[in-house]
Amino acid sequence: MITDFVQNCIDGIMVGSGYSLLALGFTLVFGVLKRLNLSYGPSIMLGAYVGTWSFLNIADNIWLVLLTTICATVVIGIYVEQLCFRAVSKETTIASMVSSFAIWMQLEEIALHLLPERTYPFPAFFDSGLLEFGPFTARSEYLFMFVVMLLLLLILHAFIYRTRIGLAIRAYSDHPSASAYMGIDGSSVLFLAFIIVSIIGGIAGFLILSADSQITPFFGLWATFKGLIAMMLGGIGSLSGAVLGGLILGVIEANAFWYGDPVIRDISSFMLLFTMLIIRPGGIFGHKIEIHQKIASERV
Amino acid sequence: MFDLRSISKSFGSLKALDQLDLQLKPKIITGLIGPNGSGKTTLINIMTGIYAPDSGSIYFHQQNLTGESAECFAQKSIARTFQNIRLFKRMTVMENIMASLVTKEKNKRNNWFSYPFTRNKFNLNKAHEVLEIMNLKDQRNLFAEELPLPLRRKLEIARALVAEPEVILLDEPAGGMTPSETFEMAELINLHVAPGRTIVLIEHKMDLISKICNHLVVLNHGEKIVEGETHEVLSHKKVLEAYIGI
Amino acid sequence: MLYLEDIRTFYGEIEALKGLTLEARKGEVTCVLGPNGAGKTTTMFTIAGILKPRTGTLFLEDENLTHVSAQSRVRKGIALVPENRLIFPQMTIAENLDTGALSRPLKDAGIQEDILKMYERFPRLHERKEQMAGTLSGGEQQMLAIARALMAKPKILLMDEPSLGLAPLIVKEIFNIIRQLNEEGVTILLVEQNAKMALTVADHVYLIEQGKVTFNGNPSEIHQDEVIRRAYLGSEVS
Amino acid sequence: MLNDYLLTVISNIGMISMIAISAYLILITGEISFGQQAYFGISAYAGSIATTLWGWPFWMALIFGSFLAGVAGGLISALTVRINGIYYSIATLAFAEMVRLSLLKFSYQFEIDGEWIGPNGSEGFGEIRWIFENDISILEYTLLIYLVLFLLIAFIYLIEHSKLGMIFRMLGQDPLLASVQGVKIIRYKVLAASLAGFAAGLGGMLYAHSFTYIEPQIFNVMLGVHSLAYGLIGGLGTVLGPIIGVVLDIGFLESIRGIQGYRMIVFGGLMAVMLIFMPRGILDEKRVHRFKKFWEGKTHV
């Protein structure tokens, strides 16, 4: 009984690390823009489609797939940034969000024109295998994904917290007007953030899909949902919150799946999200200080 | 009538108001002055229910309003304007004025679906009256965001006036205006806004204050330092000290 | 050092600065006084490049900066301590200081050293260096804002109402810091409402009203309250 | 002349217009709901159960389904009054997905004429035979849809020109200012959400009876976001805005054969570009006002 639970948690954390990466992408962009980019998932999906296309039509080389996936995701990311966020005026947050949804539909259809079948195989790094650790097991491709995700999280963390560019991004998302006084150029921060987030998205998409070893057009919606839920669970704008939110989502899903079925798994994650938004909108790890700041900024 | 008893309010580590007592005198213009950050706007926000005080109590006509919502304050016939002008941007001047009548109509026959609300004779007459007073008649079909700043300030006052409130709190009604516009505003307040009403006026332009206020309250660091007749207060030593330093 | 000539700045259609001419000399504290709405903050924003003047010129040490962006002006040596401090509330104090050095070239090795110097100057910041800046008190936030601006190694430090919303005792402390900085050779342009405090540190004073300079001279000349009284409390009161 | 395909497109426009109006009602009160499809779905299921399993008359079932959807809308709004902006949007999305997924688990079947009829989880709910049993042609049903749509538009039009409409717009533009004018914000937010739920419910119930088969997958987030987009394209200045959006998408783009297969690329791109220049749609408040003034000027002469 308890071993089942522990096993579920292990599985959940492995899958959850993928959610964490997606959530990080959402959080970074939302922190900088203060607007929601719905087309993040679909742009990763289209990027992965381009990767699959190159796998099928150019060469059977995993590194080529990785490279094309990342490059394509970055290009699409820039397209979204220019069209939905730079061009649309800042006061109309609704317009940006709906515009990013419009691009979502566009990306999905482009993907279907690129590869019209329902599913395609996505290359895996190596063949599936079951590793045993005492009473617990882990599938090797998920373990690999988990380890790479962890590495990526560490690199990203170091980038955001240890480099000057990371510092500038954080300063801008913390207080855009104050950052202007420090000589930070807002629009280049925005551009940079989109590129970084697209690279993360490309890698995350590649890892998740290669563990699944197949790709479908539903991946866009799936990625947007999982990323959004994980971000909201952890609390908007907090990087560590996004990581933890992803892991928690993974663990809950794995357990709900084990004790229930796929539908119960999905219901439970949405139920968790809904109740949390009502009871604690700031997220499980939302900073208290954020609330203070909100009060201060609302001073009439 | 308006009675504030030892009101305190802090924002984090900043003490905006500290044990402040204030009794408004009815039917005159009370000027509220003090250097930047002395708590004037916070006080107005407390007097309109936007903030609840951390401690202390608020009485209006002997009725305890402490902790009530902004809606409740508004329905007690207290109106206000904002320092950073707040208008319904995507409504016309006329609609902005009508918006103020939505909850304060005295005309009982005009119920929910009395159609159409914005063409109702009773409301229209009232709105036109106010537009006439504030010289906004020619702009009545413009959108609020299309107006230049002085007219926006006037529109805010018009919106407050149309509900025929007992108390109007004016937060820098001449902020950002030129001397001639300020002069015009002073005339307007004196002739049309003030008669028969209790007015609180926050203003930095001392010319305006000394021209139209009968009574002054000076705040500094969230405390009331001086209160009294305008001319006495302005030549009070403490006031100058508050403004130009310790 | 810094020279503004005939600057006219507009907020939309409102002319906030109507031909402002002003000079800040090297190594001095130049103080701009004036009532609310006179255009003090607009002056600061124009110098920092956040607002673009419609006409006029701005020189920093013989270099014309009139058409230079706000980002490059920080690099050229103009640092601003903004009104209301505007520190980054969700970053630690150490990180806030780091952001100040963002305008310095990447290879500048002295950054860590300068941070240590700041801690030496403001021991209270040192004690709390891993704390979120939003949890600091008003006075500490002001110190942080000053330290952050100094991290850019500015040629001239602009300070916009450093005493705003602070208790009298802390205001004194802040002005002690300003005096100390000036003694160390930092050029400062100070905008203040608290005239009395400002005059204790000023080498040169400008009084602005309605976007124009109405007085320009030594603090000793202005000390005879009359001018200030007129500017702050109106002309009708004697 | 009016072939069945064309009639289906026209009746589709009518039914989708109702959920678009529902999203529009929330939009003018200043929030973005990703979850109006939930109310569409609730009413589709409830109304169909009422006619098919309980044998209720059509009109009663229509009111019942929509009323249930309205109550659900009000309830969710009352639960979420404390949150706004992105938090509200995500909360509505979460609720809608919960409804959709619960419908996958929802089974309620009766044996009628030797056949098991009723919703059965992911297999959906077929045999909603009201149209066939009463021998109603597609044309007649289309007319019925447009009668309901007309009544709905008339009702919303009335509301928009009454005090209530003014209050909704006040809430949407500046809630704090609205409360300073004495508007009880929570009450009207809940009211607007109930009305929106009701409007979506009308569409959902009619939809189920038009297609005779529904499944939870129909009520996914795509439906909700589309209905949101219709209002933003058509314009937030008048209730006719969302309908223009629907007509543009379903009527116009679907009928151009040349772009078959590229519809979303064209529509998505068009929408993104349009939102840059008209962030509040074609018929935004300003254009509506100008049009009214122009019209008044003409009639006065």
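Letters A, B, C and D mark the chains in the order given here, with residues in each chain numbered from 1 onward.
Rule of thumb we're sticking to: a residue touches a chain if its C-beta (ideal position, glycine included) is under 8 Å from a C-beta of that chain, and two chains touch if they have at least 3 such contacts.
Please read these numbers as outputs of a predicted model, since none were measured by experiment.
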Pair sharing more residue contacts (C-beta pairs) when A-C is set against A-D: A-D
Most distant chain from subunit D, judged by the mean position of its C-alpha atoms: C
Core chain by centroid distance, with centroids computed from Cα atoms only: A
Centre-to-centre distance between subunit B and subunit A (centres being mean Cα positions), rounded to whole Å: 48
Subunit C and subunit D, separation of their C-alpha mean positions in angstrom: 55
Centre-of-Cα separation between subunit C and subunit A, whole angstrom: 42
Mean-CA-position distance for subunit D and subunit A (Å): 31
Residues within subunit D bordering two or more other chains: 176, 280
Residues of subunit B touching at least two other chains: 12, 50, 82, 86
For subunit A, residues contacting two or more additional chains: 292, 300
Subunit B residues touching subunit C - in the complex, by the definition given at the top: 12-14, 35-37, 148-149, 175-176, 178-179, 204-207, 209-211, 221, 231, 234-235, 239-241, 243-246
Residues on subunit A engaged by subunit D in the complex (per definition of touch): 30, 36, 38, 83-84, 87-89, 92-99, 101-106, 108-110, 113, 221, 225, 228-229, 232, 236, 263-264, 266-267, 270-271, 273-274, 277-278, 281, 300
Subunit B contact footprint on subunit C (complex, rising order): 11-14, 35-37, 134, 136-138, 161, 164-165, 167-168, 171-172, 193-199, 210, 225, 228-229, 232-238
Residue ranges of subunit C touching subunit A (in the complex, touch as defined): 48, 50, 69-75, 79-80, 82, 86-91, 95, 98-100, 102-103, 106, 132, 134-135, 148-149, 152
Subunit A residues within the subunit C interface of the complex: 164, 167-168, 170-171, 174-175, 177-185, 237, 287, 289-290, 292-293
